[in-house]
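One structure follows; several queries about it will come next.
Going by the order they are written in, the chains are A, B and C; count residues from 1 in each one.
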Amino acid sequence: MSTASASVRRSPFKKWCDQNTGLFFLIPWILGFLIFKFYPFASSLYYSFTDMNFFKGIREYGIMNYIDIFTEKETRTALLITFKYAFITVPLKLVFALFIAYILNFKIKFVNLFRTVYYIPSILGGSVAIAVLWRALFRDTGVINTLLSFFGIQGPDWLADRTWALFIICLLRVWQFGSAMVLFLAALKGVSVDLYEAATIDGASKTRQFFSITVPMITPVIFYNLVTQIAQAFQEFNGPYIITGGGPRNSTTLVALLVYNYAFKENEMGMACALAWVMFVIVMVLTVIAFSSQKHWVYYAD
Amino acid sequence: MKKAIALALAGVMSVGLLAGCGSSGSSSSGAASESATGETSATTASDSGSGSGDLSISWWGGDSRHTAYQNALAAFTEETGIQVSTHYGAWSGWEDQTSAALYSDNAEDVMQVNWNWLSQYSGDGSKFVDLNEYSDIIDLSQFPQSTLDACTVAGKLQALPVSMTGRIFYWNMNTFKQAGIEEVPSTLDDLYAAGEAFKTNLGDDYYPLALGEYDRMLLMTFYLESTYGKPWVEDNTLQYTVEEIATGIDFIQSLEDNHVIPSLQTMNAAGIDGNNSIDKSEQWINGMYAGIFEWDSSATKYQGSLADPSGFTVGNEIKFGDKANGGFSKVSMGLAITETCQDKEAAAKLINFLLNGDGASIMGSECGIPNSASGLAAAEAAGAVDELVLEANTKVMAFVDFQLDPTYESNDLKANPGGVYTDVFGGYSYGEYADSTEAATDLYDGVTEALEDAAKG
Amino acid sequence: MTPMKLETRHKIARFFQYFVLIVVGFVMIYPLLWMIGATFKSNAEIFTSIGFIPTNPTLDGYIAAVTQNYGGDINIWRAFLNTYSYVIPKVIFTVISSVIAAYGFSRFKFKGRDVLFSIMISTLFLPQVVLNVPQYLMYNTFGWINSPLYLPLWVPTLFATETYFVYQLVQFMRSIPHDLDEAASIDGCGPVKILYKIICPMLSPSLVACGLFQFMWSCNDFMGPLLYVTTPTKYPMSIFVKLSMDGDTGFNWNRILALSLISIIPQLIVFFAAQDAFIDGIAAGSVKG
């Protein structure tokens, strides 16, 4: 390290400075972390043990919020739905992304065009405009039902049916599989051709090659996508807020939306913080599980 | 040596970054730690920097109310030279925004407030100005003492009543005639008959009445008060037992079962939910839903959105039981001045203009029948009082015989989604409850909890 | 083994590959194409035809979108201006502060670095929802709510709070050989000079990619403005579109869709102008995991 090779005769302060140059560059980050991340994080935990209300302040301390979360229907439903949402969207997104990336990785003409088409939804999918579009597509007399009626199918009331409403919210996320796909594509390109050639000579079928060469070689990217997608899925807010408002009958009230409703609709900040913390712990546990499972299935070349 | 300079540079860079934010951070937190006035001066300074007016006002409503306000404000500017910037929107979601703005002291100078907000958001009187202090500008004598009392919370007259309002039926008689019914329904049996007639003569998609979750709660309250002859809540205590409430829920369900009202799933499918009121749905616009149970002060919005408004008719209140008429009227809304307002005298002038003065003749009955005597006279002289609104208001005031408790409208209860009313009536309509007793228990517990919460202050 | 010739099998495989790509691609892009078509349709036609081409093209939707206002003293142009007045600072500050933090993490050894690094990584998994309420209360104490300068929306980015970008840049920087900075150091360059003379130029594609992503995400951001902007004159596009949708009696869908489409046009332009930077940027960062 260049700093280590500095001359011997220096004042202790200078020496300290030399050894900690990197720290100077981290000062903004450290401050940012303390002010905008750690302080809110810690005070969120504090508020979660109070009945903090915008207009009434704190009147009571205790674990009542956590008791409510695990006993009340509203919060339990929201947690359950959020799990459903994550466990539907994350695998579907990854499977689609890998599948399309796999095909694109053959010597396909217009690969850039295809890549663009698949990627655009990821860029725009989070916007209000697309949420508005989704409403237009899935109205009772919307385009999708008009389309279905051409095939003689009477489409469901997408936005009024509890199962279908969640389905279309999931669909909005799965539709954005492009970003994961681009990652897979880059990883696939990195898999050495020699491996496939050797396998072909040994007479391994394409399917066999896919599962015994391709997948193992790109497990780091699968892992990365898995972890980031889980974290994102648990935070989804825009879709349900704009498309369904959480309805019908709370069937699309994901945790992030319920936290918002508690905090800014009902002014119950304490309850909102507690629910957010429950969600945080869940995400944390899932992440830790994913990380500790790494050594069993993720293959790092170096 | 070079290294030292570099280090210094790096330090300066980071310190520079910090200082940039440090200064803004410290100065603003300094402002925050000052008294409330210090903080508000910062806010308004920013407002005048960005805004386009000396005063700001916010209200909710439909398109016709927006137009009325805009015209009245233009007249105010012409008369006084005071510019007014506006903030308006539909009712859905309005309270969330407004409560957050009130909390963070960013609310507009003059606010159209719902009556229960006074106790809910300013129960200690900290958010709204005591209008008694501006009685030299606002002629308070034009208002009945009873409504002024209703707007007095924590010893302060926190808002001036715009109008009194209550719920009543409105019918789209064009559709009723298509269904073979010439007369407006006046009894419960008429409603059932209308449901039957709509179903057989017009088809499954036509309903004589459409009720959202909160509408159901209100109609049930009318029903219960009439049947049992006691107020819903008195002395901050719910007056009904679970069994009694269950009969009310059965009553609402009987309307659904008899094709009087669509199920909430059907209404959701039509795009009606917490974000989108009935007047925005094609089913209402085209007359497939032919009735509503609405505040007389907001009915013009429903009339205005009809493709063919010619059949829009004020119905009769329906007496469901024999113990009392049932139902209540309330202060529909008030105009209040927020404590953060910089020019409270100008704001008081604006309120006087809108309620007592020339503004009232432009506002007409857009916010209901004016509560102010001079406002009503001005509106009548200008021919700006909608006959439908007047008829409805007269009928409501003559009929209802109970008081309303402010907690009835608290956001914990009526929020959609999430409120207790929404969950009980939505859940029941979607078949989430085994029976009406279970739903009634939830409603009972929810209302009791909200009342306890209100009592805690 | 099938008796089919290898070449025939190959052709069939090819056919299926293109078939899948085209069918799935069409499904993916259909909503967007339909949306573009719908903005030129009359309200009566919008939901009765599923094709892209309007039978009687009309500009009514667009005219209504640019002339009708809703919610107060705000219109579409002002909303655009408002959006970019905080998105652009946000993008610039994010890139600068992230690069500085990444430099500190990736090029130096000092006591506690690994601890700080793992803290940084763990904030990647810290959901924003957990922070929302206290942040709101904190900004309120600062007097930042409804700040005319949108302070809550961009000030935090001065402090490298967008962990995702810090992490990405650390990955990139690690791939730059250390020999370069050592050579420069011997030539008398200090660490700051090394950062902007050597590291930044080599990183420029990734810096552009980070900027582009932050641009997209900030334009899409809805919850931030929803919480921190309360005056209509200050509404950004995302809020304006949402409110226009809520306020519209009877839903003039062609107007709402036209407004929505206009709102994402700048993002589309940026994307098409820089799509390689996007795709390379996203692909390059994570592979090392």
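Here are some notes:
The criterion applied here is as follows: contacts are C-beta pairs under 8 Å (C-beta built on N, C-alpha and C of every residue); 3 or more make two chains touch, one makes a residue touch a chain.
Values in this document were obtained by computation on a predicted structure and should not be read as measured data.
Taken chain by chain, the contacts link every pair, so each chain touches all the others. No other two chains have as many C-beta pairs in contact as A-C.
Mean C-alpha position of subunit B lies 37 Å from that of subunit C.
Chain centres here are Cα averages; for subunit A and subunit C they lie 15 Å apart. Contact of a single residue of subunit C with at least two other chains is seen at positions 97, 100, 158-159, 191, 227. Residues of subunit A in contact with at least two other chains: 21, 24-25, 28, 31, 35, 139, 141, 264. Among the residues of subunit B, those in touch with two or more other chains are 3, 7, 10, 14, 17, 25, 100, 103, 271, 275, 282. Partner subunit C is touched in their complex by these residues of subunit A: 1-3, 19-26, 28-33, 35-37, 39-41, 43-44, 47, 100, 103-104, 106, 108, 114-121, 123-124, 126-130, 132-137, 139, 141-143, 146-147, 150, 175, 179, 182-183, 185-187, 190, 220-221, 223-224, 227, 231, 234-235, 237-238, 241-242, 255-256, 259-260, 263-264, 269, 272-273, 276-277, 279-280, 283-284, 287, 298, 300.
Partner subunit B is touched in their complex by these residues of subunit C: 70-73, 97, 100, 140-148, 151, 155, 158-159, 188-193, 227, 230-234, 243, 246-251.
Against subunit A, the residues of subunit C that register as touching in their complex are 14, 17-18, 20-21, 24-25, 28-29, 31-32, 34-35, 38, 46-50, 97, 100-101, 103-105, 107-113, 116, 119-120, 123-138, 156, 158-161, 166, 181-182, 185, 191, 195, 216-217, 219-220, 222-223, 227, 237-239, 241-242, 245, 253, 256-257, 260-261, 263-264, 267-268, 271, 275, 278-279, 282-284, 286-289. For subunit B in complex with subunit C, the touching residues are 2-3, 5-7, 9-10, 13-14, 17, 20-21, 24-25, 28-29, 31-32, 39, 42-43, 46-47, 49-52, 56, 58, 62-63, 85-90, 92-93, 97, 100-101, 103-104, 106-107, 271, 275-276, 279-280, 282, 285, 301, 304-305.
By the touch rule above, subunit B contacts subunit A in their complex via residues 3-4, 7, 10-11, 14-15, 17-18, 25, 95-96, 99-100, 103, 120-121, 123, 264-271, 273-275, 282, 411-412, 415, 417-418, 423, 426-427, 430, 432, 456-457.
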